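Pasting the structures here.
What follows is a pair of complexes built around chain A, which joins chain B in one and chain C in the other.
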Partner chain A sequence: MTTGTIDIDAANQTAVARMMAARPQLTGLGRARDVVPGMRDNLLLHAGPPIAWERMSGPLRGAVIGALLYEGLAADEAGAVALVEKGEIDFAPCHHHATVGPMAGVTSASMQVYVVEDAVHGHRTFSNLNEGYGKVLRYGAYSPEVLDRLRFLNTTVAPVLAAALDRAGGLDLRALLAEALHMGDEGHNRNKAGSILFLKLLAPHIARVAPDGDTAGDVLRYLGDNALAVLNPVMAACKAMADAAHGVEGSTVVSTMARNGTDFGIRVSGLGDRWFTAPAMVPDGLYFPGFSSADANPDIGDSTITETAGIGAFAMAAAPAIVTFIGGSPKDAVTATLEMYEITVAEHAHFTIPGLGFRGTPVGIDLRQVVELGVTPRVNTGIAHRLAGVGQVGAGLVRPPLAVFEEALVAFAERYGF
Partner chain B sequence: MSAEPVVRTALRAGSYHDSVVLMQLQRALAALPGVLDAGVVMATPANRELLAASGLGSEVVAGPDDLLISVQAASEPAAAAALAAVDSLLRVRAAGTGADYRPRRLSTAVQQLPAARWVVVSVPGRYAADVAEEALDLGRNVFLYSDNVPVDREASLKRKARDRGLLVLGPDCGTAVLGGTGFGFSNRTRRGRIGLIGASGTGLQALLSYLDGDEAGISHAIGTGGRDLSAAVGGITASQALDLLRRDEDTDVLVLVSKPPAPEVTRRLLGEARAAGKPVIVCFLGAAPPGGGWGNVWFANSLEEARGYALKALQERVGASPPTTFSTGGRWVRGLFSGGTLALEILLCLGAVLTPVYSNIPVTADQRLPDPLKSQGHTILDLGADEFTVGRLHPMMDFDLRLRRLRQEAADPEVALILLDVVLGDGAHADPAGELAPGIERALTEARAAGRELAVAVLLIGTAADPQDLQEQSATLERSGARVVRTVGELVEHTWRCVGERPRDPAETALAPVPLEAIRDTRAVINVGIETFAASLAAQGAEVVQVDWRPPAGGNEKMAALLARMKR
Partner chain C sequence: MTTGTIDIDAANQTAVARMMAARPQLTGLGRARDVVPGMRDNLLLHAGPPIAWERMSGPLRGAVIGALLYEGLAADEAGAVALVEKGEIDFAPCHHHATVGPMAGVTSASMQVYVVEDAVHGHRTFSNLNEGYGKVLRYGAYSPEVLDRLRFLNTTVAPVLAAALDRAGGLDLRALLAEALHMGDEGHNRNKAGSILFLKLLAPHIARVAPDGDTAGDVLRYLGDNALAVLNPVMAACKAMADAAHGVEGSTVVSTMARNGTDFGIRVSGLGDRWFTAPAMVPDGLYFPGFSSADANPDIGDSTITETAGIGAFAMAAAPAIVTFIGGSPKDAVTATLEMYEITVAEHAHFTIPGLGFRGTPVGIDLRQVVELGVTPRVNTGIAHRLAGVGQVGAGLVRPPLAVFEEALVAFAERYGF
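This part shows the complex of A and B:
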């Protein structure tokens, strides 16, 4: 092993070059049990770093209960909890199975997932279908209408999307994202343009492959009404890009950021699969009428994979409209992006910001720079109610705790003999 | 309810703020109801003593990177309320100034303002050298206001700057006016044709205001920092500044102000000053000047005298031709004087430019000649002193001792120049020149025979009416090969030209000269540290980017050390 002689800067350039070179293609959909590596019937995937049931927050527990009901493994809430407490259900981070999920991120064996393939590096990543707004599983809701909605997505929408994608010969998500950034999206909290592009690209194929006009209409409406429709494939694409940057010897580039509602965790390219975690923070943002920060759950979800890949809050300057979430001015959006350049190792070759003279987005978070400046990555996020099943109560800005980066820096120094 | 006032403190660990912010916070806290007094400081030992002296002391454990807030209040609730307001008061300040993005790194600031040739650094001393070095690495000149930078770091920074054709003004540089823009503490002054170089900030400010009042004005004022002329630093910045102003066509007259420099630095600087091709007024405050002036170099005793000379030089455009230097091959000057006061004045004058000069009547104890019978290094002897005159006549009448000593000195191959005095008049020897001339001639002949170049200079004091015949005495001495001068000043200048002046080190002249744009183009400046500097630069019309600087890793030394190792 090398001792203190490794060229970190060169390693970081390699990592970020791989991240930018990745070319994630949305190739289709499949049942998690069939396509996600290591998936099995009694396994539930969740967002963020590993966590046991005892420490799970309200929304994550709610999503677990909902998934067990959806899978038919339990008949009611009490049955679901009993099943878990008997130890009959295994939990694992989505990230351990090449998967990402927004908010609770709970993914079970029979759910349909998007399949994304990195055309350059060859690996595959996965994400479930976005449920839209309101009472949804990802915020821990598990009422009958939530489960009905899941069934509609998995049995009606997914097959049509799969056939349409097949007919379209796949869809280049990197190109879609690059275009969406020029249309006012930042790819995390704001996916209005991206979702419409998604709809535009698939609509001609949906019209042809849907079993009937009503189904085609339903699927088109699902895509058109849900401004987050493209978020999940985008997250899988970001996961594919981040995974390409993972495992570069001597690199301090952050390759994963994720939260499970209790802990915020990161992984680092040159430090293998080890998580560095600290208690997740409550986002600072605007709340829907009737809610306040007292209702907020600590930060949750795998969607920070967007910031990890150089979009989301890092591309704020491309999405001035989003500053309404934090009560700021468009100048604040520019400031947010400019600040992130100071902790990243490159400017993105493919994701550019018109308002900054088409400068590439800041990409490749460098552990060292985060600790040196005390500037943690910005994250745009939705805010979940701390109780299961209530749903989204607001949106805003959050930053990971500095401690996870400090801890990782110490581990890196030990690992490489600095 | 009248209780004793209470003192309560709060701490913000690793929280760096510039002193203006702290001042404003302190004022805001003191204005809160029930608060009698407030102190907001970075918790250095000195600051904590100051707090204690104002009755705001506390025992709380804190380090120099911690922000310590102390309030004295009429009641416990008033103190608690004041301390609770600290964070929101700090935030108000931050929001009020955050119009545009403030980069966290110097490199980002350079990207944001590529036209900036200057970086003003006023962060705490322990971090200042690193920031300055980064600025140099980014190809920028540095105005280094911070103090407490170790002198070896100063020297290495300045060597790096010199190698790259950049300037480091400071550390502890208070003042500069470059291209009409004032840096640090400076005065708004009219543009003129006098260029200032100063190791002292207030010295420069005094001259700025004097010359502005005189309606002369200045071209540039270049601060060097107080230690620049020390032996450790070697006057690198002062040399660069001399060279810049020499080449600057907006500058006709130069003024150099400093405390007395290290001797070797003096030698080089005066050599450079004399080669400047423009009048240079030199004011080494605290050292007796070596005379009134040497060609283009004039010596001033005070700032006010420097101002007077500068104005005179400006009007007369005098003394611009570079002097000739005499080369004698030897190294040392030996003075054999019959007049004690003459010897003393020579000593005082040479003391400013050649140190040490050993003597039996030394200016300082460490320059006392251990054995009056044996010279060492530069030596000036008063042969009229008691130890030489016991049992013999005064050397103004008896030349035996001086002739012997002349022979002794001339035999020393290290000696380049021998100084003698001849004092005519009633009571003195009837023909001093006749006594000395053969000895001088023999000394010079023998030296030439040995392949050495030796010189002898004689200070001749007397009047045309004196019985010895002044003209004839002078002619006799000159025929012997001596150079004859009539004042101490002339003798000092001649000595300087024979043994003092050192030609420029070729290694130094070969280095990259600082481009004149460095002092002419100050339209854009990057400020790291005290925000009022940014505000006053902006008020003068400069485009300024303020770096939102914090100590590395927030002052966490363990992390900072790790990062330093990982940077290689």
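This part shows the complex of A and C:
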């Protein structure tokens, strides 16, 4: 389709070709304060589009409180809330600082983050360390054991991983993901294979660089016991891929999808840094014993960057076993992927699905096709409790509101004059 | 079907129920001389049914020579051959000593073996350490680097693995296999996921028990770089499962399938320890660069114990990515599994295939169905060069000769009088 002087199809092919050409490497870790552009001590990054404290959902508020306690900026919950209400804390989307975080995504200045570099396009992206399961900051919990866990990750795990990565000469995350998709992962909610591939690649180095065998054992157990250990570097890799596709004049390819627990927001390659937002939906899924959809917070987290880059729910046909975790049948998993071909502009050159005859995953969401067909992207996700301090209550599937795509398409028409 | 006083169907259900009830645990390692029943210094165990030196194929002869060099019983190839020709070395199938070995399967007295225990039926089974790729004894290579590698495995790796397993309290191989089948493995020729699950479970212990970080690093690299690392314990686990099904009066379930590179042999649950053999076939598959089917040895190895226990080619629908290694299309992988339901008596209670809606793998090969339908079991396999000293030349698919099943069915009819 050529509109006036722009060829949208060609622009979209350029955008998706750039996305697939990106080759993100995990090169190290560093303190957010030292490595994340624009990071400062009174700034908290959060998942999703911009949001003020007043509109933040329970789990995001809980994570903000936890981060302020962790940073020593507040002594207790009341102190943290008072600090925020006095306006002493600034908030910004992770995405505005080249960062992505799962669920609440709250990242503060002294937290260690993974550093991912795409030499092809010169991008550097970041993500914090995955905390594992149970009571964790990213689901809005902030009790003492949550903070102890964060200290363990930042002071014990991160330095060993940084030294191991340095010794390994970095790690090719696109290759890891490609392999994980051949091992039953979809890369968002199922990262079982990817996480143990990560462990496998780093283990020999961890054993050599750790200060002692017990510390090496603790780090290896952290990686091995957490089937989401690799999610955060994978998300940073997906952000590097999506960023490569951003800013192509005339492209309707979606380059960001992210949720803050209140709003679902997208950005579009040809529409600059403007967010299009609408209220986030509550996921459909399986709940942990004792919880139901009445406990669920609306959709939250930057992890939709995986679907934006052509994996996650888009690659679900590669991961039939995921249905034990999110509900549905293996057939539904195949259907999900097949449906996503309808709204994407390419089949991925590097991410392939053995069960579909090694067909490339659907990649490059086209705003136009979403609106025209009324088919919104599928997203696999964890489900947070709607109250601060509780944590994860389940996992399932969700879709963004169609309204954000409609609004973006209107803006696109206005911007490009047709 | 009830024949005279025996109910074959009921006997087969008993046999397969015992196979599925087995719960093999990897409990440790030990020297073959100390742990394998009947092992002695001048005895070499080999894969497949019984065979004399005169009829041994190139790769089996090569492995015999290598083992005699490794044991210090001969100084060079000529000395090894002379020793054998003087009749100073005894040969016996691994299977006669509760052991299984991939490819040539040659196991000698001082080699370390994995110890697998099935407490349910009181069986102990054994398998040597997997050597990885390239020039290796199991494919009939015996150059100095092959022997160095064996020394490294036996003196460096085995003691650390033994201490790590001890510290871990053993490892549930049935659970590991069940998980690996959900991660794209079929458990015979594709053990990528299983091997890194093995690494994951042992890594924290390895780091703690190894004499130093470098040794821990070496052992972790050995496990991580070898996508077949877990094959040998898996084979011992499959033997424990198959042994549990053996010796059921009136059962036509196949309880052993094994090849020595010259003959393919089977044993049957209701027919005691008698082997039924016929010439082994040459596999169909993909060859490494520079090799073709003209270089291929006939089918060799005890690893068909995996298919006997309901995994391997029988579970190939779980492992569509395997076709990159053995040839064919992902659809063929599904077809292979579906065909095996025709000749088996049950669907596995513990090994399930997500892509087939979590259907249990076909398990318990019924001699009668094989002969009646003319459908022989499918087998995934590596392909050895036909000459001693070369090594692996490819991987592919093969089937046993129908004649062994026909002969066994005749024997069954004679034995049970119908």
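To be clear about the criterion, the second predicted complex is superposed on the first by the 412 of 418 C-alpha atoms of A that agree within 3 Å, B and C clash if a C-alpha of one lies under 4 Å from a C-alpha of the other, contacts with A are read in each partner's own complex, and residues count from 1 in each chain.
Operating definition for what follows: a contact is a pair of C-beta atoms (placed from the backbone, for glycine too) under 8 Å apart; a residue touches a chain by one contact, two chains touch by 3 or more.
Quick caveat, the model's predicted, so the values are computed rather than measured.
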Subject >> chain B versus chain C as contact partner of A:Pro330, first or second or both or neither >> reply: second
**OP:** Examine A:Gly374 and indicate which partner it touches, taking first as chain B and second as chain C; both and neither are also allowed.
**Re:** first
Original post:
Of the two partner chains, chain B (first) and chain C (second), which one does A:Phe418 touch, if any: first, second, both, or neither?
Top reply: first
Original post:
Does the superposition put A:Ala315 against chain B (first), chain C (second), both, or neither?
Top reply: neither
**OP:** Classify the contacts of A:Ala229 with the two partner chains as first (chain B alone), second (chain C alone), both, or neither.
**Re:** neither
Subject >> Residue contacts with chain A in the superposition, chain B compared against chain C >> reply: C
Original post:
Should A:Phe358 be classified as contacting the first partner (chain B), the second (chain C), both, or neither?
Top reply: second
**OP:** Mind working out whether A:Glu342 is in touch with chain B, chain C, both or neither, as first, second, both or neither?
**Re:** first
**OP:** For chain A, give the residues common to its interface with chain B and its interface with chain C.
**Re:** 331
Original post:
Any idea which chain B residues touch chain A in the complex?
Top reply: 98-101, 103-105, 108, 550, 552-554, 556, 559-560, 562-563, 565-567
Subject >> chain A contact footprint on chain C (complex, rising order) >> reply: 182-184, 192-193, 196-197, 199-201, 203-210, 213-214, 216-218, 220-221, 224, 320-321, 323, 329-331, 354-358
Original post:
Along chain A, where are the residues that touch chain B in the complex?
Top reply: 4, 8, 252, 331, 334-335, 338-339, 341-342, 368, 371-375, 406, 409-410, 412-413, 418
